[in-house]
Structure formats: C-alpha cells, structure tokens
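Just below sit the structures, each encoded as structure tokens.
Next come two complexes, and both contain chain A; in the first it sits with chain B, in the second with chain C.
Up next, the complex of A and B:
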C-alpha cells in the first residue's frame, strides 16, 4: 500500500493543480478585457459599430496622441539603451568587487514608490528647488526662478529614471554570457579597441538590448502616473483614458483606446516570446 | 599610446557610471531630506531640520485610513495569490509538456499588459457581475498583477530543485500530502517569501488599478497621495514617502536576515 505512493501521485491527475490559477485569470483578467473590447464596438442602440476605431485611426487629434504615445515610449527606450549600455558594461567587465554595490544601487530605487520618485523630480525643479537655487543664488546666472516643472524633458527624465534599471539588468545578463576571449581574439588579430567592441561585443549583446528594449517600451507605453504629475504637455493614450474616465466620461472611446494599447502590448509580448525562444535555442 | 587611451576610456566610463548613480539617487535623496524640513513649503536645500511633517501624516485622517486599506489589500492579495499560484507552480515547473510552457506564458502575461487598461476594464466587468467598487474588487484586481510575481518566483525556485528529495520521501512511504508538507514546502519557502514580498510591494505601490476603485472606504494610499499632490505641494508627501521607503527596507532586511538576498535575486 505504502509503496504505491509515487505511482498514485502520478496517476492522480496532477494537472488539476493549475486549474485554480488558470480559472482565476480567465475570469478576472481575460473576461474583463473581452468585455472591454465588446464595449468599444457597441453602439447606443445595441448594434455593432466600428465608428470609434474609425475616429481613432483617422481623426488627426487621436492619431497625434497615438503617435505621441509610441514616440515617447520609443524615445525613452532609446535613451535607456544609450545610458544603460555603458553601465551594464561597467558592471560586468570593470566593476570587480564593486559589482555588488552597483547591483544594490540599481535595485534600491525599485523599493521607492512611484509617487516618491515623481515628487523627487518636482522638488529638484520646483520654484525653490535645487536647480533654481543653484541658478539664482549660487551661480547668479538668472535673477528670478524659472518655471521648470511641467516641461516634457523632465517627464522623459523621470520615465528614464524609473525604467533604466530594467535595461541595465537585461543587458548585463546577456553581456555576462559573452565570451571575453572572442573580444580578445579580435584584438590579437589586429582589431582596435573600438572595432573589437563594435564588431564583436556589441553584436553579441544585441539580445540583451532587445529584451531590455521590449520590456522598457512595454512599461513606458502604459505608464501614466509620471505624466499625470509631471505633465509637460505630452498627450498619451493612458493619459487620455484617465481624462476620458474622469471628465468627459466617454467610456466607449476610452474602451477603444484601451484596446489599441492592448494590441501594442500583445505585439510586444509576441516579440518578447520570439526573442526568449531564440535565446533558448 | 594604447595604454594611455585605455586608461582614458576606463576613467571616462567610471565617471559616466558615477554620474548615472547621481541621476538615479538624486530624486530619492532630495525627498528624504525634504521630509525633515522645518520650512512650511517645499524647498531644497532646507532651512532647518524638524519632524513636524511626520506628525502631519497622522493629523490627516485619510492617509491613515488609506494606509490601513493598502496594507489589508496587499496582504489579502498576496496570501490568496500564494494559495492559487503555488499549486500551479508545483505542476508547471516540473512538467515537460509543450502546453505547460504556453500556460506559464499566459499566467505571467498580466505583467505585460498596461495596468491602466486592466483597471479600467475590471471596473466595468466587476460592476456588471455585482462586485463593483468594493474591498473584494480591490483584492481581486490586485491579485491579477500579484499572482504572476508569485508564480514566476516560486516556479523559478522549484524548477532549480532536484526531484530526488521528493522521490526519496515518496519511496519511503510518505503520501503526496505529506511529501508536500514536509519536503516540498520547506524547499520552496524562500521562493514563496520572495514572491510574496514582490507581490506585497507591487500591490502597495499600485495606482493605475486602485485609482478606478476609489471610494471613501476603498481609497488606497497611492490614490490618496495622488489626489493630495494634485491640490497641495507640501512636505507631507515627502515624509510619507520616506516612511514607506523605510518600511520596504525593513521588510527587505527581515527577509534577508531569514533567507539571504542571494537566494532572492536568484529566484527573481
């Protein structure tokens, strides 16, 4: 009887274990999104309508907002790659015994709330903030404080601040597995430092850049707390959904915009899976 | 020449990394400093030190109410995510079936979706099925984004464990329930603790979902902080943020004390 235990464990349909999690997400994650999709095509009299999508894809205002959303995410992603790559390179190749400190400093900001970090940018650039104090009192460059908050540059800096650690960690993970000897062989064969980097190291770390870029782009696309508080006149889809919900209360339109955001997210997820699969192969 | 240029590049790289961390830490450090200001307004550098803004947190009733709601929701969503998520990991982390991979991708997919969309869509759906704006609705929607963290972390730990412990226990006569309770559970506990910590912090800091379920009795801390910030700009928010950071650091240290950060980062 006792000896049957392992056999019994195999026979007792262990796949039942996944049912609660699967069922939960189907009901409370998939169904709301399907419901949302249906609302975006429901007309006032219960008929189907594609009018909202026609508006979203033809009206110049909405087209600009969609374009600005994608442009902002792409810009933030690009800045994260440019800033993040040297840091990841330093972490993997140069940091040595400082590597632990670098990783700690990268992860520590993730413990702070999004409100705290946004507030930090407001403090730095407020009327009586650090930057204005430096410019007016210490350096005397200007006579009265500048209105620095509410500029798109600060909103972009704040987004980069939130997202760049993900990029650094993604690149560092791949860079770690790049064989240093390949780089050294290139140098022995006469390639200069820069050529060895451009033609050997950088191409080999492309997968890390890809993984990080998709992740950063995805999060940037859905972010709205930073933009609500730091504004800067940037109009994005999440911000517009927030406003439509708050003020205009055009829920059908907000649903349609949600669906567009969702399609972009699913596309990113698809790219991410392809990249992961390629790395696994 | 080449030695000179190598030194030059290394110095430049190190300087860049230092600047990078100034950029990363500056917005956080100024908030911590401002939370101790004696001034009645937000200014940096601060004119003097005081703890009055910390006292001010407790003078503003909505902050305290919201903090209690936030803690209850974060604990509830985390415990339920573990109850639902851990069994799934037990199967998925060991399964070699091709479809197991697909199921795993699906279970982790909420992390890739814009949270504002999840929040907006859930509000209408939950209202339709009669849950509406309620404490239950907050727990359920937070679970959607907490569950993937628990599953990812626990499955990561469990997949890295050899099967031999459980097999030995089973061969020695333990039934599946006893194998789970006495062998598997202790082995995956670091994963459960780490996953729970991620889950708790995710829920506690969530704004894009909680925002849609705001009401006098269901306002979470980030929601109240956002509405406070939209109308006032004073150091109370700084004090509250510093307090929150302190809580996160203590939680992390406690976990580190018990299990070690190394195990956590491996798990993550």
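Up next, the complex of A and C:
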C-alpha cells in the first residue's frame, strides 16, 4: 500500500506541465474576455443592459457593417479556395522533388510582417507607385495616374495574398493522404481525368478545403491592418471597433461588437470541430 | 474440351515494349501474349519491371516504343478509362467515401448504366463475391479479405476484356492468402476472364497461373507452365528465384551433346536437349528435394558431407551440408517419413549426398 502514493503522484505530474500556460491564458486571455463581456452589458448607472446588442442586431447601419464584414471574408475565402486548390494539387501530385521549394515559397511571405506586405501593395498601386509609373511615364498608355489604392479590390487582393498559404497548406495536408491509386482505380473503371477528380479526389479532400476555409474566413473576419491601409470605403466590424475605441470612445459599444465577432469565430470553430468529428467517425 | 480445339485467340499482346526512366531501363524489349481466358503471372523481384509492364497495359505509363494490343485494338496511346480493363490493387483502393454497393457499381455508373439495371447487377455481384446484404456498409467496416472481394467485384462488374491483378493478395495474412488464391483462381476460370497477375510471391504465381513469366532487369527470362518453370529452369536466376537450387559448374562435352560436371569421382555426363559448343562452360541445377542423402553411394554424383544445419519444416526437413570436395555447402530436403516425432539426421553427422542426371537440369549462367 505504501508504494501506491508515489506512483499516484507521478501519474498526476504531467498536469503540472500545463499550469504555466494555463495561468498565462487565464490572466491574459480569459479574464480580459470576461471583462470585455461585462463591459458590453454594463449600463451607465451600473445596471445590466442588453440595449447595445439590440442596437447592433436591429440598426440597419450595424447590420450592414456586419453583413459587409462576413461578405468580404466569404469572398476572400472563396478566392483562396479557387487559387489555393490547384497550387495544393500541384504541390502534392506534380512537384515531386521540388515540393520542398514550393512549400518554402509558400511560407516565405509569412516570415515578413503583415504591415510590410501591405505596404508592398501600396508601393505597387499608389498614385505615384510602380504600376502607375509604368503606365503613365514609361509606356504612356494613359495620361493621368489611375486611382488604384483605397479600393475594395486591392484590399481583397492583399487579403488573399496574405491568407492563401494557409489554404494551400490545409488542402495539401489532406490531399497528401489521398492515395493516388484511388484516382487510378476510378480511371480504370471508366472515369476520365476530370471525372476521376470530381468523383474521388475532390470529395476526399473536402476536409482540407473545409479546414482551410474556416481558417481563412476567421482570420479575414478579424483582419484590421490591411483594411486600414488599403481598404478604402469598406467598413468592417474590426474597423468600427477601432473607431469606437479611438474616436467615439464608446467602450461599451466596441465591446459588444467584439462579442459579435467572437460569436462568429466560435461558430466557425464549432463547424470545424463537427467536420473533424465526422471525419473521425 | 481440349484447349487445342479452340483457336488460341490472343486477347492481350505486347510487342517490343520498352520503357526507360532517365538512364534506367525499366522494361527492355518485352514480348508477352496472354491467350483468351488464361491467367499469366509476371513474377520477379522488386524493380524487375513487372509493375511498370502492368501499368503500361493499364495506361498509367506510356511505353517509349512497342505496341500493346487488347483484342484487335492498339491501346498504347489510349487513356486508361478507354481501355475496358479491370484492375485490383494490393491495397484494394476501394473508395472510402462510398458504400460497398457504390464502389461495385462505380464502373457501371461511369458507363451510364441506368439506376435500376445498376442496382440489379450490383446485387448479383454481391452474391457472386459472397457478400450479400453488405451493400450499405463502408469499406472500412469490412475485413481485409472481404475488401479484396469487393475490389474484385468492382473490377469484374464492367465485364473487362482483361483483368489486371497487382500483387492482389500481398496485404493478407498467410492463411487467408491461400484461400483467396483458390477463390480468385476459381472465379477467374468460371468467368473465363483473361488475366495478367503481377507478383513477387513465387508460390502465388505457381498456384494461380496457367503460365508464369519470370522477369529480371526488365526482361522476361523464361515463360511456361508453373510445372515447366519449376522443373526445367533455363537459367540460374529462374532456378534460384523459384525455390532453392544447388548450382554446379560444368563444361560441354567435346561432341557437344552432354554437360560434364565433376561428380566427386570423375565427371558425370548430363545429356543436353540441344547441342552446344564443345568446352563451353554451363551450370547445372539440382533441386534440394531431388538430392539423395544417406549412408550409401548411388548412381551419378556422390559427395561426402557433414550436416551443419537441420531445420524441421513440418512436412519435410531441410538440411545444410558442408561438402569439403566442393569447398561449399549444399541443400537437401527430405520428406518426413521416419517415426513420428523424429528428424532423420542430426547435426554433425557425416553422410553421402548425390544426384543423378535425370534429376539435374543444365542452366545458363544468366
């Protein structure tokens, strides 16, 4: 009986390893979140109020901003799937010994800070930027510079540029585990190249598309820097939250909007969990 | 009933097929014919080109030169889905996201067969592969043997001109493999389907095929019935790849009709089927089960040997003997015919072993 105590203590020890991380998370993540949540429902006289949420969910301005935020993220996600899938397919099935180089090229941009990458787009498309310089001065195709920055298209392009590697890696990971002999089986059984892809490869890589899409959607939904620098005219929740804090100084409203963003993110995570669970079954 | 009465229609034929990957010649000027309804096995070590050959027939690889015909049609330039083939892979390659019935009906759906007709034929196939009522299950819910039967059914339902089997039983355990060998062979014969089997397992090739083609380094060294290939190997490689063989060195006699091999007490003459150049060096192969082992000398070659290894293998015992006269070891198999619970000879015993010319086969050094 005496031997059992130390063994039990030993078995408990692994839990100790996560205590520092747990404390860190509680102090710097959970508590601020709780504080944020409380702030969003705190009235001026210290009473509870749901008025801010009522405004957010009924006022046409806020609904339009939320809708635009989700629409922008969905658009970016869709473009990432369309651009990312072929790259992932090439990476896994065709790149062969060049796969390492392709992965490096994919990841390399992530090593630069997002602000630098966004300024890169500025340099390209500014009023006196590379593109306008080329068109006006070098080629003389047009007489006056085009207004290229501060347009939604450039903001979307910059977001896709930042997020497409996540999509490629998510799809490639799943595609890697799809046995190419499954495609060959389909071909032998009479399916042409596209049919085999449509019937076998695509359905089996759906999990990768799902994971990548949720990841990209969530990051795009919370993106701020890119839109501040490039996104002329687009009004999204993160931008509005920034304004509420810095300009209007309505902390309560900003907190409520943060909660709405958080709910969307949690919903996405829930979708992803369901996806993973279905795959495991 | 006899095979000769029917015209031996060629269903699959390869002529002068070559395939190189960079500087590596995978398949070198290969000729192969599979007659209607026959099962031919391509047997060889890994890297011998047998899989490349199969993949060229399937259409996954394109030969550099040569022709591949299925029936009357030249297919070398045709994509896989237009060759009307069936193929079973080693790892079954069933579609994991589709039910057993959907897997089996896949080929029919690709061919545009109507739903009702498809369902009926899938049910028939499920009966044929002895999995009735399992159509709604997913492949992962079946055992290895059952999955292999589904893979077979999926290939056969489209009535392919030729069935390709790529190490089809390699992933199964030994007992299941043997019963599946019988099952696949029985179904192949019942349906009379022309089949090309690729395997590195000599036992699988010998027990399933009408004809076995032994491959090495991109070439077919010998092709013949399993019996013929085993008992009359033409080269050292074939003799040693199929089972074990004792190889002796000899020389063609001055008149060119026999092979003279040192037999312990002067040369022993082994008649040659075709005359060869006098004095040419040749090898002789004697199977371990054809070797004589005992206390007395006998006809043909005789050597003294000491047993250095004895392994009980159930229905027979394998002995390794050190032969000082040859400076190397020879192998002898003895049927277990002594009293139950005994092995005839023990380690260290000195015995006489030998062979007679009628049990020996001259082989090339290749």
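The rule we apply is simple: the second predicted complex is superposed on the first by the 259 of 281 C-alpha atoms of A that agree within 3 Å, B and C clash if a C-alpha of one lies under 4 Å from a C-alpha of the other, contacts with A are read in each partner's own complex, and residues count from 1 in each chain.
Throughout what follows, a contact is a pair of C-beta atoms (placed from the backbone, for glycine too) under 8 Å apart; a residue touches a chain by one contact, two chains touch by 3 or more.
Because the structure is predicted, anything quoted here is derived from the model rather than measured.
K.L.:
Just checking: does A:186 make contact with chain B only, chain C only, both, or neither of them? Give me first, second, both or neither.
P.N.:
The second partner, chain C, only.
K.L.:
Can A:204 be said to touch chain B (first), chain C (second), both, or neither?
P.N.:
A:204 contacts chain C only, not chain B.
K.L.:
Of the two partner chains, chain B (first) and chain C (second), which one does A:136 touch, if any: first, second, both, or neither?
P.N.:
It touches nothing on chain B or chain C.
K.L.:
Could you say whether A:78 touches chain B, chain C, both of them, or neither, answering first, second, both or neither?
P.N.:
Once the two structures are laid over each other on A, A:78 reaches no partner at all.
K.L.:
As a test of reading the superposition: which chain, chain B or chain C, is in touch with more residues of chain A?
P.N.:
B
K.L.:
One more residue to check, A:271. First (chain B), second (chain C), both or neither?
P.N.:
In the superposition, A:271 touches no partner, neither chain B nor chain C.
K.L.:
Tell me which partner A:99 touches in the superposition: chain B (first), chain C (second), both or neither.
P.N.:
Neither partner.
K.L.:
Output the chain A positions appearing in both contact lists, the one against chain B and the one against chain C.
P.N.:
Residues 193 of chain A touch both chain B and chain C.
K.L.:
Which stretch or stretches of chain B touch chain A in the complex?
P.N.:
Where chain B meets chain A, its residues are 2, 5-6, 9-10, 13-14, 16-17, 20-21, 23-28, 30-31, 34, 41-45, 83-85, 87-88, 90-92, 95, 103, 105-107, 109-110, 112-118, 120-122, 124-126, 128, 140-141, 143-144, 147, 151, 167, 170-171, 173-176, 179, 201, 204-205, 207-208, 211-212, 222, 225-226, 229-230, 233, 237-238, 241-242, 244-245, 248-249, 252, 265.
K.L.:
Write out the stretch or stretches of chain A touching chain B in their complex.
P.N.:
Residue list for chain A touching chain B: 2-3, 5-6, 8-9, 12, 14-15, 17-18, 20-22, 24-25, 28-29, 31-33, 35-36, 39, 83, 86-87, 89-90, 94, 102-103, 105-106, 109, 111-117, 119-124, 126, 128-130, 133, 158, 161, 164-165, 193, 218, 221-222, 224-225, 228-229, 238, 241-242, 245, 251, 254-255, 258, 261-262, 265, 268-269, 272-273.
K.L.:
Chain A touches which residues of chain C in the complex?
P.N.:
My answer: residues 58-60, 79-81, 83, 85-87, 89, 91, 93-97, 106-107, 110-111, 154-155, 158, 164.
K.L.:
Considering only the defined contacts, which chain A positions touch chain C in the complex?
P.N.:
179, 181-182, 184-193, 195-196, 199-200, 203-204
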